[in-house]
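For reference, the structures are reproduced in the following blocks.
After this come two complexes, each holding chain A, first together with chain B and then together with chain C.
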Partner chain A sequence: MKKIITMMLGLALFAVMQTFNEVKAQEKLTAYQIIEHWDNRTIPLDMTSQMTMNMIDKNGKVRTRLLKTYRMSDDKQIMWFLKPSDVKGTSFLRMSYDDRDDDMWIYLPAFGKVRRIASHTKKGSFMGTDFTFEDMGNRKLKDYNYQLIKEEEINGKSCWVVESMPGKDVITDYSKIVSWIWKEDYIDLKEEYFDKKGNLKKVKIVEMINVEKYWVPNSVTMENLKTKHKTEIIFEEIMVDTGLDEKVFKSNYLTRIN
Partner chain B sequence: MRRLFLLSLVQVILFVFSSEAVAQSYELRGSLREWVKVFSQSPNELDMAETRLKLELLSTFGENTSFKVKSYCTYGAISGQNNWNFQEAFIDYYSDLVDVRFGKQVIAWGKADEINPTDILNPQDLSNISEEKNIRKIGLTALKSNWRFSEYVLEAIWKMEYDNVKIPSMDSRWALFKIPGLEVLPDPEYPQNRIQDTEWALKLSRTISLFDLSVSYFEGWDNMATLIFSFDPIAQQPKLDELKFFRTKMIGADFAGSVSSFGLWGEAAYFITENNDDPLIKNPYLQYVIGSDYTFNNGVKINLQYFQEINKEKSDEVIVSKLGFGLPLKQASTFRLEKKFGEIEEHSVEIFGIYDIQDQGLLFQPKLILSPEDAFAVEFGLILYYGKKESIFGRFDSNDQVYIKSTYSF
Partner chain C sequence: MNEKIAKYVLTYPKTVIICSLIITILLASGIRKIRIDDDVKEMLPKNLPARLVLNELEDIFGGSDVLLVTIGNEEQTIFNKGTLAKIIAITDSLDALPGVIRVTSLANAKQIKGEEWGLEVTPYLEEVPKTEDDIRELKKTFFADSLFVGTIVSQNGKYATILAVMDESAETMAIYEEVRQLTGRLEGPEKIYLGGTPAVQAESTKNIKADMQRLMPFVLIVAIILLYLSFRTLSGVFLPLLSTIMGVVSMIGLMGHLDKPFMMVNNVMPVMLVAVGIAYGIHVVAAYYEELSKIQDNREALTMAIHNVGTPVLMAGVTTLAGFLSLATSPLPVFFNFAIVIAFGVFMVMFFTMTMIPAILILLPVPKKKKIQKKSALLDRLLTRVANIVLRYRYAVIAVGILITIIFAFGIPLVNLEMNPITFFPESSPIRQADEKVNEHLSGSINMNILFKGDIESPEVLLAMDRVQQRLEQFPETGSTVSLATIVKRLNRVLNADNSQFEKIPESREAVAQAILLYNMSGSPEDFEQFVDNSFENAQVIAMMKSASTKRIAEIANAVEEYCNTEFKNNIEIRFTGYSLFLKELVQLVAVSVGRALIFALAIVFLLAWLTYRSWKIGIMAIIPIVVTIVFNFGLMGFAGIDLSIPTAMAASIVIGIGVDFCFHFISRFQIERNTNEPNTAIVNTIRTVGRPILFNATATGFGFLVLAFSNLMPLRFMGLLIALTMIVCAVGALTILAASLTFIKTK
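The block that comes next holds the complex of A and B.
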């Protein structure tokens, strides 16, 4: 009996020490390490979902877009517009790379051909939403300089607040981006985007849900503080690790009838 | 042969419709467009008052097959005529190695903006030159397959139906050219309806770094008829004998990408036409276009292109080249300024122009597009023509127009 109690106490002490060590380790992380953890967080191998995009103006008028989207890790994404009828058939493909800018293509049925989105147009709005093409892509770790500015709670979730400032050669619409990264799972729950003059331009809020073993976004809201306009994306019919084939992320899939 | 293929296509579509067990989903969609154009000069005649219903029937059955039918039903209020035209009716089959599209279809080639020297697979109907390019194109029966090998895509096309560019009649105020003493052109001698007279084309594409590249080859027929003259010994002057199409080959290439903050693209087509001895056939000649665009911080987008046709051996201006870009120009530049505005950038204002460098003419088209609701847009615009009488735009000098166009999509 004494041995068992001693063993249990030992295990409890070990567990407490481990937790303490992890907390200590987290406390000691640099901004770059936090972002590195964020970049390497556990995400689904692939994900399919339907996206409802509500574009809400300052008077509360709503315009809605319905999309189908496939995603493979963080690097490949393809989406097709299903509604409304005047944009139906429009589709978008993004391929991200570690060593160079993202490739993006858009298919507009009216032109009948797939068009590459040049890097400079990435600051333009994505189909009238408050997201730019740049927001739809991935930021490269090495392109930014990071600074841990504070720690803060969002909805009871303890977060690091990390400031990302672009290097001089990076083509971006922002002078800096401030991210609230949830300590538990290295997920960005909120981001603030600052324009070239240093003024806060847009705020993104992310709500996550647990699907199988992953945290995935349930809704993403981007609000433009200057225009008081916001875009709310709601993810439905989320499926993860479906064994999606990589061939889906080819430009010929953009033109397929859905 | 054309009828045979169309009949086969209709049979396949009927079969698909009747086999409910296989079919998964159908969708009917389209748009209704009203377009009124008025000449701005007195007596302000109506040029066009048209209602156009676009209907598209789409279906997917199984994971790898789908079909689409696109038709335009048009009513011209001035002529009082109805016209129902099937622009596309095709079946798609997708597999890991190859995607196949069979049926009446529009194939868009070229990476330049609107001016596409390599875009010659579907002739255009130029009876309304201010019509959208995708509507101007005449759908033709073809078998298209896209083969994927590693990073390459090989597009192979067999076109079994031939048609030519439709131009406004010579007595129209929109005539692209006139022949003195001749009001109506004779019917052309079309290529024969034989398998050896069908057309085919190949295009190999891939992406390298930030650029999409392709090379292409076409073997088929000229899409503009050549005027064949003989000398009339009695009248002691040339006499138009016939309009004839000649076999033509095209070697093409294009690219699109970005350099620094600029979008950049280019497209070139080198044409080789048979019958080199005929003085009215240009052989060979090169058409190329280069273009760039840039978006300013205030959202204004500017797009500039330069187009040129190089034809060293024969420079007779009567000879009209292949019209991959719609208008018979030899050296021109285009510009487009565009700014979107509104809460979700649903409205836009645009200024588009084509400057005919060789003959000094200008097409200038400012327009305002408002979209107060999803799926509804109304467009107000001017189409203005300036230039010397030798230029095509100079000939349209008295054809300036004001227009309103509204489109509802469903």
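The block that comes next holds the complex of A and C.
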């Protein structure tokens, strides 16, 4: 009996220890594992929204653009300008792939004809904002070396702070990116981008909102510290998992304003 | 007062010496803090239009000064692996320098290319081409494209330029030195030239520093020679030299303490102070030796010497201060700083001369009896002749004076109101050669910026920009112009099947906005940063000019401005700025400043003479030689083609500061002679007695200023020559014209 009790106790202790270890293991995720989780986080199957882009200069002057966007998973995206009138009808389609550069098309009503945008232009600006295509795209996991530098809270949300350094042959505008990844959902709430001279160049701040079962960005702000210019993108009328038709993401859809 | 000074100084000589040394050391400690800064922007008053426009422009675009690194040689084109690699290396290094906002060169300029499938914006040269074929292809593409031909690569392909725009607060000197070291390592077989306003400014700062070290020994040698000729004793040479040097270091130290920028013209201050200060020392020591030949007692001789020279030295000091301080009436800080600092220097030398020299002399053993110097018989004969001529042909003397004045007056309108900083350097200097190369092969090294305010994305404003560019390019001095309009035109063409007929501003606002949007997405929004601000309210046309002549650039700007006023409606605001236009306003202010200073100086001299001699007629006579001197000075500048720069403009004021002494000296002596003699004899006696010291003083000071001919900077060379010549004219004027006019004064 005594033996059994000892064994039970031992087992219980072992179990507790195991649990502890597991908890510890989870806490002790490596930087790579964190990023892996971030890469694999659950995102909506599709999403439609209205996107307001506020471009704010150093004197606080705002230029606003309104777009309608559709996206499917994180590799297909199409959007149309609704405002202002001089770019109304301009539209953009982007298809991402795991194994090659993105395909991008643009339609400019003033010049007719759908055109492609050279896929290697990572420096190109996303719709004339402070976001480059590189900032908007997904970073390939293998391209970077990661390091967990600290843990920190942002607005009461505890985050891992991970530093990503590009590998040697990676084409990028940055020498280093520091990300604040929310522990709860593996989503980046803040990122700092360092230029090739090693100076902090841009800061991105993300605010999340819960839509159905997903955390999706509610607003994303990118500030260029050099030019003191920033872009604020606000998502409204967000709808998720509406069962969008995949054929929307075709270049012939660019010329149609829905 | 003289007695009190004498008593104190002679009773406590050691205290006086120690105090003088402490004062000097405290003041001189500021020398370490001296800030050499020849930034013309700092020279202009803050509220001047040119400065306001430039500030606004730099605020919007981060900066406007362009440093040009030009690489190449006559033997080969730059289209070879070695040179291309160097262009990439220089571009990357410049880009990495703090204070450089953006760099444009073949290594990062982008080609806007229309493709069957869309639009591509790609750098011409991202990495060194691997094969000869690639290089040939690059050359072909570049010249076919034409957007940058002549700006970043010369028409003949032999030279390439890397343009770096500086931050408005950049440490120009540090950047320049770093770039110089870098390009020094890369030079050969190609030559590398550095140009543009940052280079001009850095070179000018470097030369100011070099001049400081170079001129001082020469000045001292001239001073020692003069003192030796005067006294031929150790203390006679050493003491005036010491008090002057102490004055000079105190003065320069003060500039450091006050944190006043040390500019090109400030290099003249030590030369000036030595020239002026040595004369005071000579006065005191000479008076001492003179008394010593009569009185045996050292203390008494010194007391008498101080008593005798105190008032004349003070008088000379006051008139000199009046001359120099007249420059402080200028709205330009450079003049104001110069005036107060040199005035302080003159005061310090006077102070040391009147206190420390006697204090040292009383501690030294009494020198052996001084031989009375033999007066030069030749000079005496000459002066007697002059006196006779003045007496016999007094009308003729005055007539000749008036004639010379009238002749030189015709030269005054010819004075070139021109401040071309490139011509500040000798023709053999690297900066001049760089400028010539860039002007010959590329689009010039001095930028002019035209600020447009309005709805920049509207075709109307872009069209105006384009037309301003076309108008500008009609002038041969315009090397190239570039703006947002240039890019929009090219985009329009590329988006219209690369049809060259569409190389124009599109007609609809939509087309402009969409073309810009596409470019932003294909290239990089940073490409626009130098042309337009984020909110599309301010844009600039950057024009590279092959001339840095303020006059010519101002003419061009005026012509284009007039064109704008007649062609465009008022809803577009167009303003011109740039280094040359800046200097244009500066040189105008210099001219105004100098005019004002001269009138002020004349008024002061008139008042001083009137008060001292209690006769307004004498007051007028005292300023006659000064007027002749001023007219001669500016007339000579006009005839000889010497540009009005800050140093050359100051020459007249400096000559007056020193030359007024000649007149006062002459009139004082004349008054004394008049008490015992009839007027004609008084004139002869005056000319014969004061003629020698006046001529000696003028020659000595003139030689002192001739030292400036060894300067690295042309304006200082011209200034030295001008002062030397004008000084002689002033002295001769006092001995002839002033003398002749004084004969007309009847009894009191």
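Observations on the structure shown:
Going forward, the second predicted complex is superposed on the first by the 231 of 258 C-alpha atoms of A that agree within 3 Å, B and C clash if a C-alpha of one lies under 4 Å from a C-alpha of the other, contacts with A are read in each partner's own complex, and residues count from 1 in each chain.
FYI, a contact is a pair of C-beta atoms (placed from the backbone, for glycine too) under 8 Å apart; a residue touches a chain by one contact, two chains touch by 3 or more.
From a predicted model like this one, the values you see are computed outputs, not experimental measurements.
In this overlay on chain A, chain B clashes with chain C. Of the two partner chains, chain B and chain C are each touched by A:125.
Contacts of A:197 after superposition: chain C is touched, whereas chain B is not reached. Once chain A of one complex is fitted onto chain A of the other, the partner contacts of A:155 are absent, as it touches neither chain B nor chain C. When the two complexes are overlaid on their common chain A, residue A:229 makes contact with chain B and with chain C alike. Contacts of A:171 after superposition on the shared chain: chain B is touched, whereas chain C is not.
Of the two partner chains placed by superposition, only chain C is touched by A:90; chain B is not. Contacts of A:110 after superposition: both chain B and chain C are touched.
Using the contact criterion defined above for the overlaid structures, shared-chain residue A:63 touches chain B and also reaches chain C. Of the two partner chains placed by superposition, A:40 touches none, neither chain B nor chain C. The superposed model puts chain C in the path of chain B at one of 117-125, 225-233 or 297-305, which is 297-305. Where the contact sets of chain A with chain B and with chain C meet, they give residues 55, 57-58, 61, 63, 85-86, 110-111, 115-116, 118, 121, 123-125, 128, 196, 227, 229. Those residues of chain C that touch chain A in the complex are listed here as 96, 117-122, 457, 495-496, 506, 508-518, 520-526, 529, 533-537. Residues of chain A touching chain C in their complex: 55, 57-59, 61, 63, 85-87, 90, 92, 104, 106, 108-111, 115-118, 121, 123-128, 130, 132-133, 196-197, 227, 229. The residues of chain B lying in touch with chain A in their complex are 29, 31, 58-60, 66-68, 92, 94, 96, 99, 106, 108-111, 132, 134, 146, 148, 153, 207, 209-210, 212, 256-258, 260-264, 293-295, 297, 299, 301, 340, 343-346, 374-377, 407, 409-410.
Contact residues on chain A toward chain B in their complex (touch as defined above): 55, 57-58, 61, 63-64, 84-86, 88, 100-101, 103, 110-113, 115-116, 118-121, 123-125, 128-129, 171, 196, 227, 229, 247, 250, 252, 256-258.
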